[in-house]
Structures are given as C-alpha cells and as structure tokens.
Amino acid sequence: MSALLHAKDLVVAYETGRGRVQALDSLNLTVEPGETLAIVGESGSGKSTLGLAVGRLLPAVALKESGSLTLQGQEVFAAAPDALRRLRRDLLGFVFQNPMSALDPTMRVGRQVSRAAGGCGTAEMQALLVKAGLDEPERVAASYPHELSGGMAQRVVIAMAIARGPALLIADEPTASLDVSIRARVMKTLLDLQKDAGASLIVLTHDLHLAARSCQRLAVMYGGRVVEVGRSATVLSRPAHPYTRGLLAAAAGNEAPGEDLKPIPGLPPLLRQRAPDCSFAPRCPFAEARCTDLRPEARELDRREVVCHLAERVLVEASR
Amino acid sequence: MSATPVISLQQASLTYRKRGFSGGTLTAVKSVDLEIAAGETLGLVGESGSGKSSLGKLCLGLAKPSEGNVAFQGAPFPGRKALLGKLSVVLQHPEWALNPRLRCGPSVAEPLEIAKWGDAVKRSARVAELMGQVGLDPSFAERYPGELSGGQRQRVAIARALATQPEFVLFDEAVSALDVSVQAQILNLIRSLQAEQGFAALFISHDLAATRYLCNRIAVMYKGEIVEQADARRFYGQPDHPYSRALLAAIS
Amino acid sequence: MVAALTSLWRRDRLSALAFAILALLVFLGVFGPWLPLGDATQVAAGPRLSPPTWAFPMGTDELGRSFLPRVVEGIRYTFLLATVAVIITAILGTLLGMLAATVGGFLDMVVARVADVLFAFPALLAGLLVAAVVGPGAASVITVICIATLPLFMRVVRSASLSLAERGFVIAAQVAGATTWRVILRHILPNVMSVAIIQITYALSIAMIIESALSFLGLGAQPPRASLGSLLQVSSVYLTIAPWLVGFAGLTLSLAIVCVNLLGDSLRDAVEPLPGRTLT
C-alpha cells in the first residue's frame, strides 16, 4: 500500500520581524494508512508547523520554500482552492489543545456537530456524540460549549473531527489542557475512534509518556528535522539519538527517589538557514569534530531511522 | 533555627463572591491545615481550578482567609513594612515574568530597592552575585528580557525572588511552561539554591513528576481541600487517595 | 529619523505620505503667522469672493481677505485646541485607567461606569450644554473634547492595565512590598504607553471633528478668529457663488483627519503586528 502522508525534504520558513526563521529543515516523514504516530519535540522543534502544514493551515508569514508534502498522492501545497477545501474536508480531522477555542461559543453543540458531519440528521449526530463517549447525547447536543467541561468539549471536538471519516487525524497536544484524571480516557476514545474509522493518527506532543502509551510509532523532532523515528517501544527503550536519550534523562517521572535529573545543557537552536551541521551538536555530550563539520543524514540502524553520526556509540551506551 | 513553621494555616478557608447576575459564593480553599518549615519545600498538586493558586495567595498574605488562620513565623501576618524582603514569588509564564521595558539588572534589584537595602553600588554588586548563583553571566544584567529564552528569563526571575534572601518563596507553576530539557535545569537550580539558603518554599504544580522530584512533602488538592499530605517518597509508590493515584497514573 | 522615514516609505507608502502631509500641516499651523502667505486679517486686500489667482492662491472671502492665510489660521486654531484637549485627556484618562486596574474594587467600578456613561453621551449635546454654561469659545471646546475622548483612554488603558496586573513582574513587585504608585509608574505605565499613544491619534481625529462641528455651530471659534469649522460654516453660505472656499476648507479638514487616522493605523500595526496564528 502506498503511504498516506509523505513529506520529502520539506522546508518551511517564517518571515519574522527579526529575520527569517527556518522551522522545517528538509524534513522527511512517512505515515502509513491506519497507523498511529507520535511526534515528540520541544517548542521550536517544528512539530506544530508540520501539523499545520499538512492542512496547509500555516500563517501567512510562513512560506513553503522547497520539498514536497503529499496526502494520498496529492501535493498539498500545489492544490487549487477547491481541491484544498475537499482535501481538508474529506481527508483531514484536527483536534487542538484547547477544545473551547475550537468550538463556536454562540452555537449549540448539536448544530456544530451535524454541520461538521455535512448537515446530518439528529439521530446520526447523536450517534457521533455517543461514539465519542458522551453518554447523554440529547443534553450535550442542546448545550453551548461553555456549559460543558473541558473533557466533554474535547470529546465533542473529537466527534467533529471524525464525523466525515477522515483518512488522517491530527491531534496537537489533545489532552494537555485536560485534568489528569480524565486524560487517559479521552486519549483512549480518540484511539478507539481512529481504529474504527481506519484512519491514521498523528499526535503532536511534548509528553514522552503519552506518546509511548498511545502510539505505535514515535518520531522525535529537533531543529526542524526528524532526528529519530521508529516503533515507540524500540526508540524509548534504546534511544539511538543523543537528544532522545537526553530527553528521557531530563524528564521528571522516570527517576528513582533521590536520583538526580540530568538536564540537557544549553538551549534549543533557532535556525536561520539550512543547518550545515548537526544542530544538536552544541548540547550533545557525544559530539566530536565531524558533528560540527558535516550534516548528518537519516540512516537505518537497529530497526529505526536516526539522524546522527554517532548513533552506534549512543546505542552501546544505552545498553549498558 | 526555631521550630516555628515559617507559614502555617489552621482551618483556613477562602471564599470568593461570584461576579455577575448569578451571584453566590465560591469556596476556593476549604478548611486547610498546612505547615511549611524553614528549609522545607512543600509540593502542592492538583488540577486547575482546585484552589492551588488561591492557597498560594493566602500563604503570601495577598488574600485574607474568610475563616481560620494564616500565620507567618507563628504570628498573624504583619503589615507591609515588616514583611519587606521576607516573601517572594516565581510564577508560571516566563514571557511575563519580567518587565519587558526594564533591563534584567534593575528587575533583579527591585526587591532590594523596595526594601531600601544598601546603595546603588552595593545593589549592583549583589545583582552580579545573584546572576552567578542562578547560572547566568553577570552581563545579563544589561540585557532586556526580550533577548532571553524562557529558561533564562525564569533564572532571572529566580534571582529576583532570592535577592533579599527571603524566608518564604512561592513557586507557582514555575517550570510548567518550560521545555523538558530546560525544566530539569531549573528544577535542579531551585533544589541547590534551597539547600544553600534554607528558605521555606511552596511549589505549586499540576505536574506530579516535577513536584515529587523537588519536594520533601506533597499535599494533593482536590476541589479546594487537601485530600492527601505525605512524604514525597510516598508518591513514587502507592499514595492513598484515589485522586493522588490518578495523578500518579498519568506520569507512569 | 530620516532612516526611519525612508524605511517607512519603503514599507508603507500611504503612511509615509500621511505623515508627510501631517508634518506640512503642523508646520503651517505653527509657523503660519511668520510665513509670507499674506495677512489673514486685512479686509479688502482684494476683490470679494475672488476665485484662486496668483495673488490669492485660495481666492478671497466675503470681506475680500485672502483665504490662504485664513485656512492656515484655521489649521493653527483647530490643531491647537485639539492638541491641548487631547494632552489633557490622555494624561487624565491614562492615569485613571491605570489606577482603576491596579487599585481595583470601588474605584475600578466607578471608573468603568463613568467611562460607559461618557461613551454613551452624544458629544454635540454635551457641546450645547457646556457652551450654555461656560459660554462659547476655546474653554468649552476643550471641555467637550475631553468629555468625548476621555473614555477612549480610560477603557483601553484600564483593560491593558488589568491584563498587566496579572503578570508575573507586577505580582512579584507587589509581593516584594512595592507601593501602588511604584507599580503604576515603573511597571504599568511603560507598558501601556504604546496603547495610549495609539489612542492619542484616534482622539486627535475625533477632537478635530468635534472642534469643527462646534465652530460650525458657532459654539467654538469666535470671529475674527478662524478655525477650520468656522471657515467651513462661513463659506458654506457662498457655496453656490464661491464653491472653492468650502472646497479648500473642507479638503484641509478632511485631509488632516484622514492623515491622523492613517498615522494611527500605522502606529498600531507597528506596535501590534497582525498575530497570524500562534504557534505552540
């Protein structure tokens, strides 16, 4: 089967008041139909830019400079307005971090959901709400968004995102704004619906635990590139990129009581142009001369793809 | 060091009157008992809206309890003058932590200035010393916040909070907006500074992982009440309250 | 300054043009009396209601006075009143807005309600009332402009200050024991300055409209003083026989107001660029 989403050497830059900032630096990524992929990265890594680029929802100051991004074989950035609308409507579903800003505060929920489903009837609309885990569809449908809790509102947003049976769901920090006690359940609903619909799911998050628990594949982004991608369990149990390894050591939650966290020194980079070297090198404990001389390219290693000259050494360290 | 806790709350409640047509009252904090000793960090976790920040306001004397007592060093909160330099706070949003129109030096020096500590020369020497303590080059005093990253701004905010060597520091979601790799830098910084200076601290967060790493004790807040209060190590194992367990499940 | 202007010209021609026109008008207004434009007060300097000629570039009015120096005199008076009034309201409104937001409680409620009431109060009605009490002239024009533009500042500055009051640096200063005045002068004022300056431009254009309207009604500038509004009123009588008079007076007034507004827009764009979508 051919890939659902395919990004090849994608370069996106922002024109800001302080000059050009390169958000995606020749990014390569493939999403197969039906799979779940978590994209993990810190702010500035380019993950949100990637998520928006898929629907060509980037702000006006962002420019796709080169490369290609295809969805079911269609070039997203070459689509005519009509084709783009069809593509967004029929192939994509979005779930954003804050459900309240995704819903129209002046319209009853039921009407919004049936509109999202293409003007379906009440029964179908309520069925969608039930599918999204809302037990009292009549009451929810008659409510305005502000009358719902955050978790319920996010379930409504999920119902709207799957209403037309999209091929790809993109969820940007879907549970970050929700209370911890309901996060797991909302995430499970999202995954169940994705599986039912046979859609692919991309979860953009900074939360490694969430990524590992919910998605089969994991892509780690740094400096506008995917620096490591493979099965979640493989990548997190034996990271081959020093940044993945650093993230795991820095994140509170994995440490034993009394054990120190090991922060990654320094700051994430702000790219002005295509990185001529490894952009993680200044913060990398493994770095040597070639890391600052030569731009690493993606290569296969130990059942994952990694962008690092020294991945073998990192792997050896990890197994010790 | 005396055995008197720096901050203590006895059966403290905080009730807000609701605005608008519906009226009524909202009890943000319900009968809370809490003590924070010198050199101790108490973690306060709970969802947003559980009353954590209101409890923080009580501890800083920014709000008066509608019932019960809040005491500072064993006595009711004294006036503004008597408290100068004894309390400070580090808040969530690094982009809002510092006045964008002021260079970092004057921002850090402000609590000293308010407390009428030393003269301008002594204060700028103290600023340089503080910058060093939070791991920044003294030249940062000359920079504007706009030139700094989130982590650097939070370091400057911590320098400002510690300028007067306060007795009590409130950290309200102080690392929540930071990236994972930078978060650990700041957590370690807070830990080492506290070991050095021995202030009492309240660390408010919705993130149990960061809280249990940093704190000696953790209080779990749910709907305005403290539902569990225990040694931080307990939160690496099996806490008692179902809500505490939900918090724990979310990070493992 | 020159570099800033050239870069503005390159970015945004319209704003640069507006700025240049405004600068010219201000220059005329300030230095008009010392410029070789003719005497504004000399009656029968030429024929009555003459069309524009080389000697009288804007023609002459009903008393044979050269109209060009009259218009310059009008610019001077209109701009002066508008500026004085707006300076007063800008200071007063900004101060009240900051105080309301920082102190809160009763004061905040009073300021918010006063702003609402003033906002709803028709400026012309206020003008008639004030002129009836104070008598027509500069004082009543300034009072009316203040009434009309005060809520602009109170509202915008109050809401900007309210959001500042929740920021970390303000709370940190309060916890450190800073007084209200310290918080206002050091932390709030420098950060609401930009919104206040943008409001100043809008207030200026409103002020000019109000001044002209009141003078048109005879409540503002009293003869022989001329303002753009009073010139408009006098020349409107001769609209059918000397239409250029209304044309020149009206054009100058419109140009001034449009340029002030354009300048305000470009200032606002410079201070708060269109955010686009926020990135997380």
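Should a chain be cited, it is by its letter among A, B and C, assigned in written order, with residues numbered from 1 in that chain.
Following the convention adopted for this analysis, a residue touches a chain if its C-beta (ideal position, glycine included) is under 8 Å from a C-beta of that chain, and two chains touch if they have at least 3 such contacts.
This is a predicted model, so every value here is computed, not measured.
If you drop chain A from consideration, which chains still connect to each other through contacts?
one piece
Measuring between mean CA coordinates, which chain is farthest from chain C?
A
Let me have the rounded angstrom distance from the C-alpha centre of chain A over to the C-alpha centre of chain C, please.
Centre-to-centre distance between chain A and chain C: 50 Å.
Measure off the straight-line distance from the CA centroid of chain A to the CA centroid of chain B, and report it in whole Å.
A distance of 32 Å separates the two centres.
Taking each chain's centre as the mean of its CA atoms, how far is chain B from chain C in angstrom?
Their C-alpha centroids are separated by 47 Å.
Please set out, as single numbers or ranges, the residues of chain A touching at least two other chains.
In chain A, 43 touch at least two other chains.
With touch defined as at the start, can you tell me which chain A residues reach chain B in the complex?
For chain A paired with chain B, touching residues are 42-43, 179-181, 183-184, 206, 208-209, 246-247, 250-253, 255-257, 260-265, 267-268, 283.
Which residues of chain C touch chain B once you look at their complex with the stated criterion?
It comes out as residues 167-169, 171-178, 182, 186-187, 190-191.
Looking at the complex, which residues from chain B come into contact with chain A?
Per the touch definition, chain B meets chain A at residues 47-48, 149-152, 179-185, 187-188, 206-210, 212-213, 232-233, 236, 243, 246-247, 249-252.
For a test of understanding, state which residues of chain B touch chain C in their complex under the given definition.
Residues 60, 62, 80-81, 83-85, 87-93, 96-102, 107, 110-111, 114-115, 157, 160-161, 164, 170 of chain B touch chain C in their complex.
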